[in-house]
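Which chain is which? They are A, B, C and D, in the order written, and residues in each are numbered from 1.
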Amino acid sequence: MSLTKEQIAQRIARELKDGYYVNLGIGIPTLVANYIQSDIAVFLQSENGLLGMGPFPFEGEEDPDLINAGKQTITTLPGSAFFDSAMSFGMIRAGKVDLTVLGAMEVSDLGDIANWKIPGKMVKGMGGAMDLVASAKNIIVAMMHTNPKGQSKLLPRCTLPLTGVRCVKKIITDLAVLDITENGFELIERAPGISVEEIKNKTAGRLVVRNEVPEMDLT
Amino acid sequence: MSLTKEQIAQRIARELKDGYYVNLGIGIPTLVANYIQSDIAVFLQSENGLLGMGPFPFEGEEDPDLINAGKQTITTLPGSAFFDSAMSFGMIRAGKVDLTVLGAMEVSDLGDIANWKIPGKMVKGMGGAMDLVASAKNIIVAMMHTNPKGQSKLLPRCTLPLTGVRCVKKIITDLAVLDITENGFELIERAPGISVEEIKNKTAGRLVVRNEVPEMDLT
Amino acid sequence: MNKVYPGADEAIIDVKDGDIIMLGGFGLCGIPENLIAALVRKGVSRLTCISNNAGVDDFGIGLMLKLKQVKKMISSYVGENDEFERQMLSGELEVELIPQGTLATRCMAAGYGMPAIFTPAGVGTEVAEGKETREFKGKEYLLEHAFDADFALVKAWKGDTDGNLIFKATARNFNPLMAMAGKITVAEVEELVPAGELDPNNIHTPGIYVNRIFKGTNYEKRIEQRTVRKSQAGQ
Amino acid sequence: MNKVYPGADEAIIDVKDGDIIMLGGFGLCGIPENLIAALVRKGVSRLTCISNNAGVDDFGIGLMLKLKQVKKMISSYVGENDEFERQMLSGELEVELIPQGTLATRCMAAGYGMPAIFTPAGVGTEVAEGKETREFKGKEYLLEHAFDADFALVKAWKGDTDGNLIFKATARNFNPLMAMAGKITVAEVEELVPAGELDPNNIHTPGIYVNRIFKGTNYEKRIEQRTVRKSQAGQ
């Protein structure tokens, strides 16, 4: 069965290691925060100027001066620090953020990503995404394997305006975990009950399948 | 009579205007702080990271964590702010410092200045001087008109390695006040009792003298 | 020397039609509410606004968009505003979208007297079109120029009469960067104190960067996405 | 994850001969006294040291110079040290003098992921020799590259167990810039507190930049130029 968004987030959370500084994008990536293992320390960076982001505030405790990059009211954890946007993107550019998780409209089998513009239709802007994908050492894309029309979002080449070139390292979708390799998408894990065949059918870009592909462990 | 160092500082203090942010170099320039008119507000910038530098501390109140760019113990005035060295030179480069006063070994009649190195003899380093002279809108040099051997320090061309090119606007020496103009040093004021002739004799670079040259008013 | 102004209207008295204006804030967080209201009252037009976002339909820069005071927006994200989208798609409004880090760093560059900076953001994308690129240590960067703004309008939490500013939490965002970058910088603050009352160790923007300061009033501080956990009792 | 080290010796255990090391401080103000002492004890040699000054004969980096641990100094001002001058004039010590603002900004560039910056400092002087220049708006600038340091050793006033740092007064100087610039950054602090005790609004260096932290001991804080006014009674 294909994963829910919550399950995608849950699987991504397993990529987090003790001591990691992590930037979580809007959408599915934000949900990752709910599944961080309790035995590791992870610091969430919000590019509007915060390290050490905490959960949403309790009702009535919202502070309009304390939001995340998705403009949601949040809290801070002990050890947090505020800074300006130049320092925020400074630490991103300098590679101090260990992992960036973000959504995408399309990913190519070269690791290109498109997620900021649909010409003639939607132009919200790239926000901090272009800076993040150009600088992060490790970029994981969290998205559905296909768009609402059932078309693959894993392509030989992106059709939408790019956000970044050859930058994505790993993709975690509702159907699979895939690494970007020299030979294209390499299938690493399948969602429970999803066949390699189905993943092949729904992946438009080059897909590499080696031997046995294990099912994801979401326990 | 030629001015004392204190009197040079006193004359320079008259160049300060209300609301000015001023950087005072080591030596005579430091003394300028003692002669700021009481009816104007002047903010002293110390390039090691302070705006709002105050006088020396009272005995026993020295704080080793609070020094000026000359490594002297100092105090702060109300409204002061500390910052790091990048911001300090950031505000200097951005032209936010209204006036820089510094010493010199040589000044040319083009406004070039040399004050950081005597090849084979003295190499202490340029410190912040090169940044200051490259960026300040208004640079006044405070120095003796001649060196200890009696040779002019106001030259057609500097003989020592330069600190900056065509940057000095005004020179205030023990003998005279001179502006740097297209035609060289223009004599603006004489020290009390010093003749135009003496200044001519002690100025090696091009000197422009127009009509009457008033004596400095040091009252 | 007096930097203290009675209010927003006096502090922007010399803003002219066609000026380039930076406005601090991220979303509606930390925006100069009083100064925006004064720009609306003044009715100044053909402005180029540099601001990370463009407000929402009925708040922030959205208020100026509604009155067509803005000729051009330079932003990184504008997805919260229908009127904005309408004007942009109809061609009434010129829009330059740039990466958020590039926006921030071009402000900082202006405040630090650096004419241009190098950033990898946007390399290989349409943002790079027409721009100079350069490789350093095998990685490609874009050359991006410092902004040149007539006014920077910022909002701080506390300020003193010498113009020193302290920001609160994530309402800091672009405010200190823009404060350094304007030819004339105007700061509105929630609390204005005499010089000497703020700890010089904790100043975010030294007064040298601030030309005018006033105490703002009636802060609405609208929240865009009110997200909460259930009441503490439920935990 | 544990960033807290028992002391200076453990925190620099992997510094090797020939490493490039940044050391914070301006003169003797804000220098990492404990870390310098540990480098002396460790006896590492052929170091390249990036530091605004080179200490005095018997304190600060001067202690390392005396033992000939330093192959090259990159500084802006070195006029307080006879042994330094002797080694430099005899050719034992390589010295690169660069403008102070350039030194500071090249540290910041490293911490901000900017490969190079433009500065007017040194244009037309011997500092510009061999360097690329470029004109922006009629003014000439030098292209200067970000530093690349194996270790940054800094001294802060307060720090927490997550590596967040707060500096005091002008002991801040180069410390936060270098803290951002090292491949590995080690901070010694006068006061080390549990994460959560420092006000997140007042952090100068966020912990993301700090790999190791420890509580320093026996701070001497030597004053180079003790300048005072006569006692208050005399005023």
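Following the convention adopted for this analysis, a residue touches a chain if its C-beta (ideal position, glycine included) is under 8 Å from a C-beta of that chain, and two chains touch if they have at least 3 such contacts.
Worth saying up front: this structure is predicted, and the values here are computed from it rather than measured.
Among the remaining chains, those touching chain B as well as chain D are C. Of all chains, the one whose CA centroid is most distant from that of chain D is A. Rounded to whole angstrom units, the spacing between the C-alpha centres of chain A and chain D is 37.
Distance between chain C and chain D, defined via averaged C-alpha coordinates, is recorded as 33 Å. The distance from the centre of chain A to the centre of chain C, each centre being the mean of the chain's C-alpha atoms, comes to 28 Å.
Those residues of chain A in touch with two or more other chains are numbered 50, 76, 82-83, 86, 89-90, 92-93, 135. In chain D, 105, 112-114, 119-120, 167-169, 200-201 are the positions where the chain touches two or more neighbouring chains simultaneously. Two chains count as a pair here when they touch; such pairs are A-C, A-D, B-C, B-D, C-D. Interface residues of chain A, counted against chain D in their complex, comprise 18-19, 21, 40-41, 43, 45, 50-52, 76-83, 86-87, 89-97, 135. Residues of chain D that touch chain A in their complex: 1, 110-114, 160-162, 164, 180, 194-196, 200-201, 203, 206-209.
Residue ranges of chain A in contact with chain C, taken from their complex: 46-50, 55-74, 76, 82-86, 88-90, 92-93, 112, 123-131, 134-135, 161-166. Of all residues in chain D, only 105, 112-120, 136-137, 139, 141, 145, 166-169, 200-202 touch chain C in the complex they form.
Note for the complex: chain C touches chain A at residues 26-30, 52, 75-80, 85, 88, 95, 97-105, 107-108, 119-127, 157, 167-177, 204, 221-232, 235.
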